[in-house]
Amino acid sequence: MIGQITPLTGYLLVAALLFSIGLAGALTRRNAILVLIGIELMLNAANLNLIAFWRYGPHPELLTGMIFAIFSIAVAAAEAAVGLGLVIQIHRHARTTDLDAINRMKG
Amino acid sequence: MIARPLIETSDQVFVLLKEWLVGFLPASWQPAAGVVLCVAAIVGLFPVLFALTTVLERKGLGRIQNRIGPNRVGPLGLLQPLADGIKSLTKEDIVPASADRVVHFLAPLVLVVAVFMGFAVVPMGRNMVLVDVDAGLLFYFAMGTSTELAIFMAGWSSRNKYSLLGAMRAVAQMISYEVALLLSSVVVVMMAGSLSLTKIVAAQNQYTWGLPHWYIFTPWGLAGFLMYAIATTAETNRSPFDLPEGESELVAGYHTEYSGFKFALFFLGEYLAMFSISGLGATLFLGGWSAPFSFLTWIPSWIWFFSKLMLSIFVFIWLRGTLPRLRQDQLMNFAWKFVLPMTLLNLLVAALWRFLGEGWERWVFCTVILVVAYVVMGRMEMRREHFGPRSYRYAE
Amino acid sequence: MQEAISFTPQLAASFIAEILWLIPALPVAAAAVTALLGRSRRRTSATLAIGALSFSLLLSLVAFAHVVSGWAHEAAVRETVNFTWMQVGTPSGAGHVELGWVLDPLSAVMLVMVSFVSLVIFIYSIGYMAHDGNYTRFFCFLSLFAGAMLGVVAANSLLLLFICWELVGLTSYLLIGFWYERPAAAAAAKKAFLTTRVGDVFFLLGMVWLFAQTGTLLFYNHGAGAIEPTALAGLLVAPAALGLTAAGAIGLLIFAGAAGKSGQFPLHVWLPDAMEGPTPVSALIHAATMVAAGVFLIARVYPLMAAGAPLLATRVLTQAGTLAGGTTTALTVITWVGAFTAVFAALIAVAQNDIKRILAYSTISQLGYMMAGLGMGGVAVGLFHLMTHAFFKALLFMGAGSVIHGCHGEQDVRRMGGLRSVMPLTFLTYAMGMLALCGFPLLFSGFWSKDGILEAAEHWSVAKTPFYMLVFGALLTAFYMTRQVSYVFFGHRRGHKPAQESPAVMTLPLGILAFFAMALGLIGTPAWPWFRAFLENRAAGFTWRGFMEPGLLTLMATSTAVVFLGLWLGWRLYGGLAPRPEEPDILEKAAPWAWAGLRGRLYVDEFYGVTVVAFYRWWARVADWLDRRLWGGAVAGVAWLFGQWAGLSRFLDTNVVDGSFDKGCEELSVGGGLLARVQTGRVQTYLRILALAVAALAAILIWSSRS
Amino acid sequence: MSLIFYLLAALTVAGALAAMLLKNTVHCALALTVAFAGLALLFLNLDAQFAGFAQILVYIGAVAILVVFAILLTRGSETPQGGVFSRSWLAGLTAAAAVFAVFAWAVAASAPRLPRAAAPATAATPASTVSPAPAVTVEQIGRALTGRYVLPLEIVAVLLTVALIGAVIVAMHEKVEAK
């Protein structure tokens, strides 16, 4: 199995692993910030996929994957800023960042 | 006039030396060995420079403050740094009981490593750059930002409110001024059309009427350089922006809880950061290793580079001896409400310069715009008392 | 009499003509602004009204000067500014309804007259209305009225004229009914409004007919206007009922409108009652503007009236030809009605005791004179009398107002007397006005204008009767004016309260008007017929030989004799004697039945009362009955049906629709409760579901896309 | 597959795992930076210099610092007494596992049809031979950004501005509160 892993496959597997780890964290951690961290990880995994596909894709000269990755990095930065700002505000409001404690919106 | 080959050799002496040394090794090892050699050289050189600088600084401050400064150890106290080094090496390494040992241990290392990385892309002379990365500038800043993390680690790990406060201050300050730093260097990138530092230097290494094409000799270049200088002073936590280690407020800032060798590492790290960032400034605005006049080109390029480096170091020391310390909110307001807008404006001015094309008009327009903006904004800030009484608005 | 200058059509209107519209617009604007003011802004409103009107006067003078100069340079001015208002379908395909204004001698003269007299009256009313609570409202209406009247004058389109005409009617209604808390005033206002409407209906008919015939309502449009030769020629061949040409019929219809406004015989009833309004209003309406509107209308469409008469060409071009005795049906009718009205009203005036009513009836009779003059003598003759009358009648009314003001609202002449000494200024000016009205020889304007009419009547080709009627009317005029004046100013004081002179703001206008009442005659003497020449665009030369025309001197002699006779009679009968209000009048003793008839205004109102009004009452009752019984019943039935239907549907709603709906709602809420369970409010739950969904989707995709 | 790749992958995954597993939030943040660094190195290993440096600059330089700040501002720096995992951690874990399973399956299933390298791998050239790196200069990237991708660039710029302002507004104290 390992023997015939192509580089691309390897990268894709690593990306999938990272994604799942991030997802697991996002799903299991209590601290809202850590949930955000998990999401960041997921985004990064996606970036890794993009870059890998760009690198081993048929048309690396078009730079599509790389540009996409760069954009997603920028967007991720924005997302982190806003998300953390929200977390801080929530903390001011509820005095906690424990997501289990923050369930006021339940139906 | 000196013979050309001699000039060549004196200019390329280090390169030749490296090649000669590598020559002894089998061909397959040579690239790696070359790199190792260069790294070794850098790692060896700059601590020495650091030692030299410390003594210079202490003596200079002494002069400014009307004292003699270190004068016991060795002739004129020149061996003082040596003594300090020995002392710091032999001192006991104290780690607070409640400290987070791992992070506490890692912090200085990360700092020093990150700072050293920065030197990799700075050309210190013709053909004297460790790795000529195409995105050199980006790399440099990437490394520069990593130091903040180290500082935070230090401040947080040593479970001490002074350290933590110092660290937070330092990080906040560095982030704020990093924006200005980047933006003020972007101007140069726009003009040189490249992120590679060697290309930037090459672009400045031309002469008309014996005068070089350094970017500092243009309106936007000068403005950019001033912004850059301010930003660097803040980045390196030097006076008047040295709040993070304001002795009067927080004992010694984020390295309060460090002693012995780790403290020495921090000390080293700061000065190395100073060197590298000054070197970058020289590369960006002062034409790197190029000579100030065409008839001085026979002097080896590395001499020019290091003299410019030391010149800015001298300026650092001078400032430290002269200016009082700012207050945190003043610092922030200054960064976000004055420096940042000016740099942004500077970008526009550079673009204008680019599109006005050759001719005297661009000089007039750009200068006028910048001066007017400077005066107006300065007045506005002063009147709005942004540098006035302290506001706790953003202080949690 | 030298050849006339023909009107040279101006293609490009001069600047003053371009901005002629400002003259009516300014007072209207002032009215609009005043309407927005609060009741307390008395000074502001007065200032606005008078300021605006003075501007209008200024512009009118400029326009007048422009026309005069053009006339003096032998280039007769008739400048029109027209614009299309809307598109309409006509028998001859789609046509434009065009509006516009015209600047020619007629409109210029009228503009100056109207704006001037109105201005004087405005100033006068500052004093007269000083104690009224609704000062601002009053000036608002006044401005609107003046603006509308100026619009009538300046209009170059029959439609625009009609619009302003109706505006005049409306404002007259508002002004006559200004003291609406008095039932009499309210009734008078209604009466005036309705009576004039009667005429206006005919006017409207005529207008529509004219439009249908010619496809345009513009008076002058560089040869394409409705009253310009080409159109008239078309109208003349178009037949109408009773052997009339379309031109004649339309002319008669329009005259009906004019009669309504100018209180000619059948429709005069509103005018005396209109005295209920404040005196300035009476002055404005009866002297200067409203009633003059009718006369002006006839003058404006004179070519239409005169169309078809012999010497048509010269008539149309010069509007002269009084001496060439051609006439038309319309003109004949106008003449007879005018003459009859003149005598009729004069007779009634003899037997009135209310100072303002006397003046009102004299106005009617004078209007009769004007109409007759128009009918027999052409535009110039009628207009000249209109001008002079405007001034001296305004003077008389305002004098009367001053008297009433001085006698604290007393209006019965028999309760006055001896005011000569108390209010000398008023007496002096009033006397001038009176003499002018009587046509006192040589000195006073009334003499010359009336002479013009008499002269025209004497030369009228159809019949002599109008001449004698008018002469008799002159005699009566002199008589009743003498009676009034001797009642009011001579004898000894019979009022209860002591009278006093009015303030300067009221007497000064009197003086101004008095001056004009005398001086204005000089521009119309036979020796120097400037006015007529100006209107008819002939060169005006001064020559004594003007008097040498055959029969003129004898005519002047006769009229003078008549006037003196009238004065003597009046003084002989009423001079110095002081009748009690309760004791009968001298003439009454002489001929009680006649007197009673005259006192009762010849029972015209009563006649209308038993015919028209009664009919309407009956008809109203019929309609009422129909409503209650027939329509009311039908409606009630329908309503009942709907009620039943509504009840049925309500039943359905409550028992069928609502039931099911409520059930559905319950189900929904229950389901919502179930769904709400899923909504744990914990982010990670949602995230988890999301993740699983993604996984499932991806799996499906891959599965479907494998091999 | 080269050794470097395995090392970097191990480093990254380890960092990620640590970030998700450690108790102390700050440690998590620091571990996260390690993961980021590993990713950056992976990018470099993929000859994506620019992306790698941008990764370091943005994530280590900005995002990590931001996270750390947030942690300190929310008093999250000390380890919480109760467990760090939420009550429903098992379900979450299973969900994540399911996702990973699906992805891994997808990769494995499509492995034969993936482009192995710029040059199709044949028996002669084993799949692990790294294809010649595409020479990508920063200039090309710049041209691409300001050329083909100028519209996304603008949009991202706007997005960043909005996000910046929004974050400031959200995180800012109202004056009344502050006083």
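We just call them A, B, C and D in the order they show up, numbering each chain from 1.
Keep in mind that, in the parts below, a residue touches a chain if its C-beta (ideal position, glycine included) is under 8 Å from a C-beta of that chain, and two chains touch if they have at least 3 such contacts.
All values reported here derive from a predicted model rather than from experimental measurement.
Chains that count as touching both chain B and chain D, per the definition above, do not exist in this structure. In this assembly, B is the chain whose CA centroid lies farthest from the centroid of chain C. A straight line joining the Cα centres of chain A and chain B is 34 Å long.
Centroids of chain A and chain D (each the mean of its C-alpha atoms) stand 6 Å apart. If you average the CA atoms of chain C and of chain D, the two centres end up 91 Å from each other. A separation of 96 Å divides the Cα centre of chain B from that of chain C. Annotation for chain D: residues touching 2 or more other chains are 50, 54, 62, 69, 73, 86, 88, 91-92, 95-96, 99, 103, 173. Contact of a single residue of chain B with at least two other chains is seen at no position. Residues of chain A found to touch two or more other chains are 23, 26-28, 99-100. Every pair of chains that touch is listed here: A-C, A-D, B-D, C-D.
Note for the complex: chain B touches chain D at residues 100, 103, 133-135, 138-139, 141-146, 148-149, 152-153, 156, 164, 168, 171, 175, 178, 193-196, 392-394, 396.
Contacts from chain D toward chain B in the complex involve residues 24, 26-27, 30, 33, 49-50, 53-54, 56-57, 60-62, 64-65, 68-69, 72-73, 77, 137-139, 172-173, 175, 178. Within the complex formed with chain C, the residues of chain A that make contact are 23, 26-28, 35, 99-100, 102-107. Every residue of chain A that touches chain D in the complex is listed here, in rising order: 2, 4-14, 16-31, 33-34, 36-38, 40-41, 44, 47-48, 51-52, 54-58, 60-61, 63, 66-67, 69-71, 73-82, 84-89, 91-92, 97-100.
Of all residues in chain C, those touching chain A in their complex are 675-684, 687-688, 691.
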